[in-house]
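Each of the two complexes below includes chain A, the first together with chain B, the second together with chain C.
And now, the complex of A and B:
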């Protein structure tokens, strides 16, 4: 009898170890739900899924209209990421709907959306919520008569070979993507009011979006560089979303296909799709570009302990450690653009922190000659990295009465004058009273 | 023209001096005291112009000490002047007591502000 509570305690203490989820300690979640229109996608896109599962993700394939699917149970999310490879689904099965997916993102989970020609309104609406507006014509495709892929050409120039990639090592990895990326599908434009979404693969200026089977009678709605082929969004809670207008760009056929851009003689053995999509999925699932800041410290120069209050004109040192998640461990983050503010309604001090290349960022500065309640603030927003927003409150007091300098040599004449006035008063009193 | 201006000035100065000679002795003592205070203040201003205004509170208290003393002494002079009909009912002892009290307050403030 006495042993059973002990076992219970032991079991409860094991629970945190059994749970995998996005947490500050390990930002890379492991459980991913993949919703497909048709289970054939599982085999036609198998190279992409293999690259995910080889990196340790547990993929759970479900039909999008499966009545038993659910994102959460008893208020706990069952998955850390969601992949929507179901462009034509009109209604999800089970408890999943548009609001459930947006709540999933709002709670910090990642999402990959692949739309395609004939995408349903549901998928379009989810993308619209993320700041990407797909071409309203359901039959429209992205067409480019200049930058089409020669090998895949069927006369309508809808398979595009694009190399207009975003120049960001954190999103696309440090090794350059040499071969163009093949794309066949629908284009989207980005909502200018949404500052969080940005293009990763954009179209060339010669691109337009129209139905390739009908004659183009009026100017197309989406043209040129306004068209985005693949976009990503990082929400304010650091949830990451990938929006692609093409499901076929994930397919084995495009992964293996050679690529030659029209009007270019270079022929690549293999398209850039695999490298591009693998690298960007690393970013989406937080294997790269996820920062954490720990050990915020500040103290007076020459002291170790953090004071409860600073005095004006104190010299202080501020340090913070910033690490980047590498997919398996926290590595020191090295940059030269992290800044700290000493802030009271506006920054009084703005200093760039110097890095020691081991993750520790530090600087020292003089407290301004203003007293009040200040904050140490680090607001770090960099393309592709999670946002760091630290603030620590600290009051600043004026000099105490006995902290002012006294008996200043330069002031001796003034002291002398004041005392001579007192002596003069004393002597004058005698003379004034006793002279008759 | 220049000569006559010089003579006029001389004459004016002479008449002022002879008129001032008639001033009672105790008022002359007060005048001397005021002159001493103003002179000290001028020295401090000259010193501040040379070395800068760094201990500004000390400078201010030094200057205010001198001007305050001068002002109070002038007030005393007005009150003890026999020819001043406005204060003919005020005994000079009372005027002196006021002067002492004001000086005490002045120097208390000056000492606090001197730093």
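And now, the complex of A and C:
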């Protein structure tokens, strides 16, 4: 009788192992909460949601002011990612508010925000916290009279076909996006002091942000290439945030439509929206560009064990293994710009690690002739990749008394003096005792 | 859904149910339609706040039930025309839903509306609302039923056309459109009219030719459609000049080719003004004010934007540098000039670099504001750093080997001098003991001393202190013993000699 509760407890304790949740071993979380203004969004952006669910994500659609929504319960987060497709929400329902969303990001989870014309202040404030400042005029839209998408039904040039994409294979995938990306919404600018946020889709020099229905009375605040249409932020804890100024960019209509840029005669069959948004969602949910570094090893050349102390002017070898998460498994990461520093207050040695194409990076160098407590530091920052920050402490001692150079030619006179003294004494012992 | 089942019941038992019951159901239907909701653009829909059931599903079930009921019940169900048309527009405006079930609902509802006996809605649509005067496009209008089949014979009339947002009188009144039976379009040729470029609202009305059709078909009164009439705008007399401030006299003046390449280079100081002027006119010769008329001056550290104002056809902007010195943060240097002119109805919008102007502004005073920081290129921040290799401390300079060897020779000189001195003194080994036992001790004594010296040499070469001391202890004891014997022997022989 005492057996069955024991078995029950054992079974229950196995349950956490069955959860596919966000953890350092599997950085791609599974459960995503999608908050929308009205459920028509679920069907009008259905191609985009299908691309997410076909990669294994569980999407939970809720109205933004549903009183039962919550991000965490009893300290545990219920979701691994959040998608806010609710540009006009004034107040979230349930226990979600701006502070809760920012806490969610601070704990390492990912976020996608889509604003649109007539966005509420709440969405704008959340975007400002993430580094993107939207135009203050709520009726303003991004207008471009040169790079608009030619259309028979929309004549006010607010649907822009943009191909100013960031050049980064890790964020946008390795295949080039041929067709321009359609965008209709509001633009934002990025704070120049913020080094964590960058533009992924930016506007052309002729773009400006204004209300299309009224004349301009003062120069527009956002003009030219400073306008960002879609930007991305990677926080210091490697949480990733996508900020887009257009909700209709994700819609089936834009995914399927052809594009012809004004003042150009090439007609593309399909816009680049689907490829662009699918690839960037892969990046946001850590399916690309997420690195981990394991197995830091260092030893003297010729030895295998890791010593506790190095001596100055030793030759040593340092190696580390770096892997990249591919969405389902850890693949070896290949690059040629990972560097290691031998650091005490400032780097004494900085060397680029060579890769053996299987994920192991190694190099060797001579320990400097300064003694103290050093650190092996790897600070790897690359656009679009998580930051690697490794540090291993190791002391360095000076020479022992018996490790100095012996038999120095400059000392020959001294050797000569001593030995001639010894030989002289030996001879003298004979002479002194036995001569008459 | 309730209505559909009810319709099914009625169709099965059509004869027995009394008229009063049917009237009751009709009243209920009217009450249901009171709860209809509408979007701003005139579409109507039903919404039930039940989780998981969207407005599309709710509205389509109402429509299907209604048409099923109407097809079985006798007598008409009186519903306002707007509602039917609004519901049809709702189904048409969703686009293509992603879910297959919702798609079925949408198409099924549209076909119910089309075939219904309540009233068939007629939809007026324009395939293109952007019409170009330069390309000599004609405005086309098409009228069909909800699922696209042909409408009965009718005429489309353009009641009014006026510029959107303005309260002016309309430009065109009561014009009938010509029916092109080939493409089933109604066409309006814009050229003979005096319509100029701009954003217009066209108000259309459908007039059914056969009055019988009015009972079956629903036309929806007047339909407002926004239409954009665009054309190429003529740009003339573009020039840029630097003026001397007080007198207004021209210092330098250059002609510009707006719309094509331009690269002027001007120089100005803070006492002068920069003037840019040009003329814009529409194909019909009227003045045209574009939405975007922006002049940008770009310095490497700051960017400044100005609007180009107009009076009638002439556009002009004068930048008085004296007043702008503080706005420009007192930065002198090269400013690139860029002009952007654009509008929704202008087909030749452009954003063009005109050249540059070298500005000479006075020095900044102490408290002048600084320009905002410019954003960095993200790629430049993230490159690999330069390699550092430690430069080891150079060892102290040692004297050359030859010098050391020379001094080695010098130190050995006293030894040689010692040997020479010994020989000069005439040393000999006469006192060496001849008897075997003392001789042995003597030899052992010298061997012992030699071995101690050899031990010192060995210690210098490779031994450590501990083994050396151990060996020294043993050797020392031996030498002491042996030495005592020989020395005492020597002392006794010499004292014997002395006493004798």
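Quick notes on this one:
Convention: the second predicted complex is superposed on the first by the 400 of 436 C-alpha atoms of A that agree within 3 Å, B and C clash if a C-alpha of one lies under 4 Å from a C-alpha of the other, contacts with A are read in each partner's own complex, and residues count from 1 in each chain.
Note that in this section contacts are C-beta pairs under 8 Å (C-beta built on N, C-alpha and C of every residue); 3 or more make two chains touch, one makes a residue touch a chain.
Just so we're clear, the structure is a prediction, and the values are computed from it rather than from any experiment.
Which of chain B and chain C touches more residues of chain A is settled by the count: it is C. In the superposition on chain A, A:431 makes contact with both chain B and chain C.
Once chain A of one complex is fitted onto chain A of the other, the partner contacts of A:34 are absent, as it touches neither chain B nor chain C. Applying the stated contact rule after C-alpha superposition, one finds that A:43 touches chain C and leaves chain B untouched. With both structures placed on the common chain, the touch criterion links A:157 to chain C but leaves chain B unconnected.
Shared-chain residue A:182: touches no atom of chain B or chain C.
With both structures placed on the common chain, the touch criterion links A:205 to chain C but leaves chain B unconnected. In the superposition on chain A, A:84 makes contact with neither chain B nor chain C.
In the superposition on chain A, contact of A:252 is made with chain C only, not with chain B.
With both structures placed on the common chain, the touch criterion links A:404 to chain B but leaves chain C unconnected. Residues common to the contacts of chain A with chain B and with chain C across the two structures: 408, 410-411, 413, 415, 417, 420, 422, 424-425, 429, 431, 433, 435.
Those residues of chain A whose C-beta lies close enough to touch chain C in the complex are 38-40, 42-47, 49-50, 143-146, 151-157, 166-167, 190, 192-193, 195, 198, 204-206, 208, 210, 212-213, 215-216, 218-220, 223-224, 226, 252-253, 313, 337, 339, 341-342, 347-352, 365-366, 368-370, 381-383, 408-413, 415-417, 419-420, 422-427, 429-431, 433-436.
Against chain A, in their complex, chain B makes its touches with residues 25-26, 29-30, 33, 36-37, 40-41, 43-44, 47, 51-52, 54-55, 58-59, 61-63, 65-66, 69, 73, 96, 100, 103, 107, 110-111, 114-115. Across the complex, chain A meets chain B through its residues 404-406, 408, 410-411, 413-415, 417-418, 420-422, 424-425, 428-429, 431-433, 435.
Of all residues in chain C, only 54-56, 94-99, 102, 127-130, 165, 199, 226-228, 230, 289, 291-294, 296, 303, 305-307, 338, 340, 342-346, 349-351, 372-376, 378-379, 381-390, 392-393, 398-399, 401, 404-405, 407-408, 410-412, 414-415, 418-419, 422, 427-432, 442, 446, 449-450, 453, 456-457, 486-487, 490 touch chain A in the complex they form.
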